[in-house]
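Got a structure here, written out as structure tokens. Questions coming.
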Amino acid sequence: MCGIFAVSNHPEASRLTYLGLYALQHRGEESAGIISFDGKKTNYQKKMGQVGEAFGEESLGSLKGNYALGHVRYSTTGSSSLMNIQPFFVRHKKGHISIAHNGNLTNTFDLHDKMEDEGSIFQTSADSEIITHLIAKSSAKDIKGKVQWALSRLQGAYSLAIMIDGMIVGARDPFGFRPLCLGKLNKSYVLASETCALDLIHAKYVRDIEPGEILFIKDGKLESVRLEKKRKTAFCIFEHIYFSRPDSNIFEKNVYLIRKRLGHQLAKEYKPNCDFAMPIPDSGSYAALGYADAANISYETGMIRNHYVGRTFIQPSQFIRDFRVRVKLNPVKDLLAGKKVLIIEDSIVRGTTSRARIKTLREAGAKEVHMGVSCPPIKFPCFYGIDFPTQEELIASKKEVDEIKDFMGLDSLHYLSLKGMLKAMHLPSDKFCAACFNGKYPVDVPKFFDKNMLEGARKCRK
Amino acid sequence: MCGIFAVSNHPEASRLTYLGLYALQHRGEESAGIISFDGKKTNYQKKMGQVGEAFGEESLGSLKGNYALGHVRYSTTGSSSLMNIQPFFVRHKKGHISIAHNGNLTNTFDLHDKMEDEGSIFQTSADSEIITHLIAKSSAKDIKGKVQWALSRLQGAYSLAIMIDGMIVGARDPFGFRPLCLGKLNKSYVLASETCALDLIHAKYVRDIEPGEILFIKDGKLESVRLEKKRKTAFCIFEHIYFSRPDSNIFEKNVYLIRKRLGHQLAKEYKPNCDFAMPIPDSGSYAALGYADAANISYETGMIRNHYVGRTFIQPSQFIRDFRVRVKLNPVKDLLAGKKVLIIEDSIVRGTTSRARIKTLREAGAKEVHMGVSCPPIKFPCFYGIDFPTQEELIASKKEVDEIKDFMGLDSLHYLSLKGMLKAMHLPSDKFCAACFNGKYPVDVPKFFDKNMLEGARKCRK
Amino acid sequence: MCGIFAVSNHPEASRLTYLGLYALQHRGEESAGIISFDGKKTNYQKKMGQVGEAFGEESLGSLKGNYALGHVRYSTTGSSSLMNIQPFFVRHKKGHISIAHNGNLTNTFDLHDKMEDEGSIFQTSADSEIITHLIAKSSAKDIKGKVQWALSRLQGAYSLAIMIDGMIVGARDPFGFRPLCLGKLNKSYVLASETCALDLIHAKYVRDIEPGEILFIKDGKLESVRLEKKRKTAFCIFEHIYFSRPDSNIFEKNVYLIRKRLGHQLAKEYKPNCDFAMPIPDSGSYAALGYADAANISYETGMIRNHYVGRTFIQPSQFIRDFRVRVKLNPVKDLLAGKKVLIIEDSIVRGTTSRARIKTLREAGAKEVHMGVSCPPIKFPCFYGIDFPTQEELIASKKEVDEIKDFMGLDSLHYLSLKGMLKAMHLPSDKFCAACFNGKYPVDVPKFFDKNMLEGARKCRK
Amino acid sequence: MCGIFAVSNHPEASRLTYLGLYALQHRGEESAGIISFDGKKTNYQKKMGQVGEAFGEESLGSLKGNYALGHVRYSTTGSSSLMNIQPFFVRHKKGHISIAHNGNLTNTFDLHDKMEDEGSIFQTSADSEIITHLIAKSSAKDIKGKVQWALSRLQGAYSLAIMIDGMIVGARDPFGFRPLCLGKLNKSYVLASETCALDLIHAKYVRDIEPGEILFIKDGKLESVRLEKKRKTAFCIFEHIYFSRPDSNIFEKNVYLIRKRLGHQLAKEYKPNCDFAMPIPDSGSYAALGYADAANISYETGMIRNHYVGRTFIQPSQFIRDFRVRVKLNPVKDLLAGKKVLIIEDSIVRGTTSRARIKTLREAGAKEVHMGVSCPPIKFPCFYGIDFPTQEELIASKKEVDEIKDFMGLDSLHYLSLKGMLKAMHLPSDKFCAACFNGKYPVDVPKFFDKNMLEGARKCRK
């Protein structure tokens, strides 16, 4: 789970990138990096933490230049450490190369192993360093050819923004797993994981980068090449269900409206006798609004979110009871007391957080608690960039719906059907990857895949 | 605007106080302080910033003892600086005295002046230091008598938590401007500005401290004295309109439900022809829900709040355009485009923030923008603890409703009537102070009142 | 042990004070504070740590004004904490009063107790706060009278710099225990504990503040009053032996030259058969140079000081052996091997540090190790501002010279005689306090004196 | 200018390395790094600043393992930045490789260029990364062969400590420009730039690594190979003159004693009629002691060093006058007034610092100021690791001795003759590199050598 952003040809490139990353913060809270190029020098700042913590006016001021690349991340491939923060950058004879990557390659191990045999040295275990090595090793004549050759060797999911001196490159794997869009701000082109980042800087949305497309942006001109012929896409459906921001358009459709439609579908399948519907703030809110509309039931916000709870909250260590739940969300007792409550959730991963909240609602006096989920049970891990826990930890991979209901202490529980979910989408169902629900993986996955695979592999050799 | 919290007789007193302040953070984001007493030593930690930033496990660990007092604040009397952070504390022969104060005294200047003449030295310009001096100077025989004598000399608004060695004292001025409630956690008593702080630590609400009551808590026993005979109260109505948390009960009634009733009243007075009603997140949400219910119109969240925007966001200084607006709230274009939109707001102070948001909605494609406000125009400053700007800056003190409508770029604007507002309340209208709406001040205000008055006064003498 | 500095009427008052404190750093490494007055506002910065750590360009920039007062300290009265850092400051009707104090009052407890009974509140346990209260309480007509009245109530050792609005006051107790001098920089007057601080800022030395003198500096004019008639002085002889900087003139005589003379005296009393004399860097260097000259023996620096060892050195905690000794000073083996070595030390307090160094010299190959000390055995605690350990910890209060020799592992040991020491001074012996050597205390000392006395006293009451 | 340290087979390897670097701090104050290997994982900590600032107990605690490598540095090749801090480290299939380097390669540019052409990617512009790439690319069968092949390709000056998993390697170029010695601490072997680092940790000096030797240390065994047949050495004479610590033995001789002999030689050549000789603390002290002995003149310390002046001193920016000179060193006026003073200096590079100090002495009252320098004029830059300024800035490359005397404001000035300097050494003169004095460079130097050469070269290509 990562967010990427790039700006070509704007005097405030790094400040725009900072704002762009702010809008994409939900795609990765662990670390942030910005790299800029000023025609001669490449400047970079990488920090652990969220964008607002990582960058101040001073560090932005040092990121001079009209070209910039930014990245926010959760670790997917490569463990978390300062060194692994993206974008990856190298000064090379052939140019200064920086890469920001969203997704997960599935042939990382093979590429890595082969290149080390040939005498290469790797600084990190990140996919983006491998791509840099491939570009440096390519025997193609010009830099565009080198990029094309390098990407042709990759397998898996990747949406990329690359900066080579003053050229910005946007690329998306042939399946198009992850989103990537092109925007325009006056005469400058911008790349972003989601359209909400374009909105923030008042850039105009131009179009999505196409699956399998490599787009070179230089001197205000666009040049597009294709990695291979068009094939059937595998858009990640979970971007719409949960991951993207509701104010973004993803795969060319607004997320908020899709989520309301998921709520409408859910209302067709499930109508327990309740006093009102409520979300667990904030992710389930849009499906809940859609549900309440379609089911003609009141919508309430029975739990109040404390907006001050940030990364800084420290659970005082000597307390056994987990106060974090109540610190974040407090039930409105006078609203809940004696009521039959229907919670609308977007998805359930481990089930532990929801369980705690249901308990809180009951303690606040709710008479019955029911739950509708706006997607089917998540049973399979993702190898293309969503950082689900291991299959072991996915509650729906081990328990039937009824068991989950009991585990969570619900009076009733309904998951939206696969068919219902796909019906709510704006495109035919075969355009999407729904592997986490149905186990049908569009690209072969390595047998022993693990996010610390490379480091793990090395340990085994010792 | 401040929040206070105190714990008597609990081994985790300071950690509970930390949690209590977390829940009260909305009452003061500028600084936080906790003081604890362990039977011999008094320990304190005061920091600028929010509770989560101010306290870590280490500082909480140093706050040993079974008695603790905490405070979050916006400066009301006394300018902002490390020294002025409450609680105010002093080691004195008569005991270790700590005071946390919410409200505003109106005779601060007179008291201060008189005591300096007598040779007293003041460290701060805070009301709470004056109270400490009064306690130290009292010739009453015992400490309870000293506290009673000291409070009898105060005028204005005060809800107080005082810790004198192992005794906790809760007190509220005879008008009861600000809330203060008593809770119980097993055998420990707790004082809090709002009930949401009791919820967080799983304490049971016992009752409100009464207007004019001084409650001494010692060795698990309660002893109550009265400052004067009961008189008509002047509860601050703005606590319900805007200031308190929706999940709190204030003046013995839930805020969320009151706000919904304000929305119901508004629907009786104002029904423009719109496609849907929406709040500006998050304060107007509850009135908006109430409105939508009563007016039978759809409720949408047309602007999405970015939860990552905290104190750390730095508006990159070289940008002229104010990105902060969009960083915080992004409109959902596909929802708004071509629509007639009704915004429900809880209140308008300066009007500048709302104006910027209305502009954003129009840029996102809204065809018409209307606004209903769930209280009357705010025309008068508050001298009892709400930190409104000067009267000059209150938009409704200078402009008629129609002019405000034009200033904000609205198609129509309606403020809830004073009568409508009072009707939504749970108590007779003469129990409330509504001075900010109607100019009727229950307690005389000093002529040249200013929050930096004391420092200002000194400057004048030079 | 403290250092004080003040500047009157200079546009760079606080920066000069910063430099002055830098020169006086050896008088107190624990904390530093600077207060400035700009005609209207008083600005202050107090920090734990050394001057260079405590102040940056930003904090100096905030200390605006033509008047400034600075202080470096070791705690003498009052435990160490941020609150106790001097100068002590208070905004009062009668003016902004700041006080920097070097020395130790002996009637602190009585004054404190009495004033609390009268309703005063103390923020700190520092002597300087008491003086402030006395000034505030004085019924004298003008501010000069108030200062004089306040100082007349003090007993013990004090060199003071006081700032009251734009007036700077220098004062020294009637015995003149601690030094304080007046300098002039163009049209500005300066006060400093030692002349080395005048040198640094290129100020001209004018004269010492006289014992019992109060000097008021205002509008470029000096006005001097006396607390009482002149009496016999009690200059602290330890300032010359060890405490002051060698490049300072103290009590009107250069310290470096006095120390050489102490070395000369020592050579008259003690001449073991050695290959060379050497100091333990750096304090003994000047006596050693004097000794080598007078005894006609080679001077060598057999231990090399590592200048990088600052406050930041962390003894890695898992090591048992104390590396700190060798980190600071490394013996030159090829110089020492097989040699008879004579160490010249300025003084011995606990004896533990010297002992470790002697061991190091032997390990480095020294055949014999002898030691001459340029003062007599320190047997008595100081109540006037030198922070010796308790009498228990003073090695010479418990052991005879011969036992000390054995404890330290020496072949021979000689302390300069009391007579020899006094002979090396530039003034008659009855002008000095030598109480730490001979137990003759010029001012009565409280029975249960303790540097945490005030806090201790409070604890007893509980 | 760098210092290196390594420990093999000790449970406190990183803590010993921390102490070793502390002792070597004078060889590089800009940054420090320690890398440890615990059998499986490599841990590293690199920081800007001095060792004491860079490492705390926490960072040392994280450096687990029985093998460690440390480095302190001034930048020589490669500009200063966090990324360039040594040791350089890479995880590779063939092992975890870390390298600490003291010296300067002269064929860096050629090696770098060639390897980039072959597709290699460089993270830094440091010599040590190049060596790592050479090891990784070597086709030799075992790791020892790879190291030998890699080093055989290097030209210039290098003393190296390399860690490959649990093997520590020490190596010195065939000319032996820079020192490197082997020590033993119980069963553990240690490598250090200077013997003072062995002293600190109580390790026994075993022998110097020989010029042209590669020493492999593994499992408590030593294995030595030679890069080429022995040739005439080129020991850097400046290590003895100025750079090394006086308590170290360098090239098998104590530095303190050599410096005293330089003073003896100087006394043979130069005896102006002066009242006393004095050093500028601290580097000239030992030559001054030697001079005073041989010339039978008094030795005084006429300037007192302020030990508190560290990296933290901030020259307050609004002052024009440079106070830094006086902050560091204050003259003892009463000693200097009216005297004829002879300064003994170890060397003069730019001449600007000495000039300022001479001025200070005159202001303090010195009647005449003479200077003897314990080495000849430095006229030529160093390409082997001493970070002199450009030839332009070397005062002796542009001015005759007489002009230098005038520039510095001296009454007389004498440089020790080349012959005199060499005579003071313990080895025949043809064993030393004295290129900075006589321009005879033992190894060819690249034409456009520059410490930022690699980055510069890249800029040219653009």
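The letters A, B, C and D name the chains in turn, as written, and every chain counts its residues from 1.
Everything below uses one rule, namely that a contact is a pair of C-beta atoms (placed from the backbone, for glycine too) under 8 Å apart; a residue touches a chain by one contact, two chains touch by 3 or more.
From a predicted model like this one, the values you see are computed outputs, not experimental measurements.
*Asks:* Any chains in contact with both chain A and chain D?
*Replies:* none
*Asks:* Quick one: which of A-B, B-C or C-D reuses the A-D interface, over half of the residue-numbered contact pairs in common?
*Replies:* Of the listed options, the interface copy of A-D is B-C.
*Asks:* From the centre of chain A, which chain's CA centre is farthest?
*Replies:* C
*Asks:* Provide the C-alpha centroid distance between chain C and chain D, rounded to the nearest whole angstrom.
*Replies:* Between these chains, centre-to-centre, one finds 38 Å.
*Asks:* Roughly how far is chain B from chain C, going centre to centre by Cα mean, in whole Å?
*Replies:* Whole-Å distance between the two chain centres: 50.
*Asks:* Just curious, how far off is chain D from chain B if you go by their C-alpha centres, in Å?
*Replies:* Comparing mean C-alpha positions, chain D is 63 Å from chain B.
*Asks:* Indicate the residues of chain C shared as contacts by at least two other chains.
*Replies:* In chain C, no residue touches two or more other chains.
*Asks:* Name the touching chain pairs, would you?
*Replies:* Applying the touch rule to all chain pairs gives A-B, A-D, B-C, C-D.
*Asks:* Show which residues of chain D lie in contact with chain C when the two form their complex.
*Replies:* 12, 15, 18-19, 22-23, 25-26, 29, 50-53, 55-57, 60, 196, 199-202, 245-247, 249, 254, 256-257, 282, 285-286, 289, 293, 298-301, 304-310, 312-314, 316-319, 321, 323, 326-327, 330-335
*Asks:* Considering the complex alone, what residue numbers of chain A touch chain D?
*Replies:* Residue positions touching the partner: 40, 90-94, 113, 116-117, 119-123, 132-133, 136-137, 165, 455, 458-459, 461-462.
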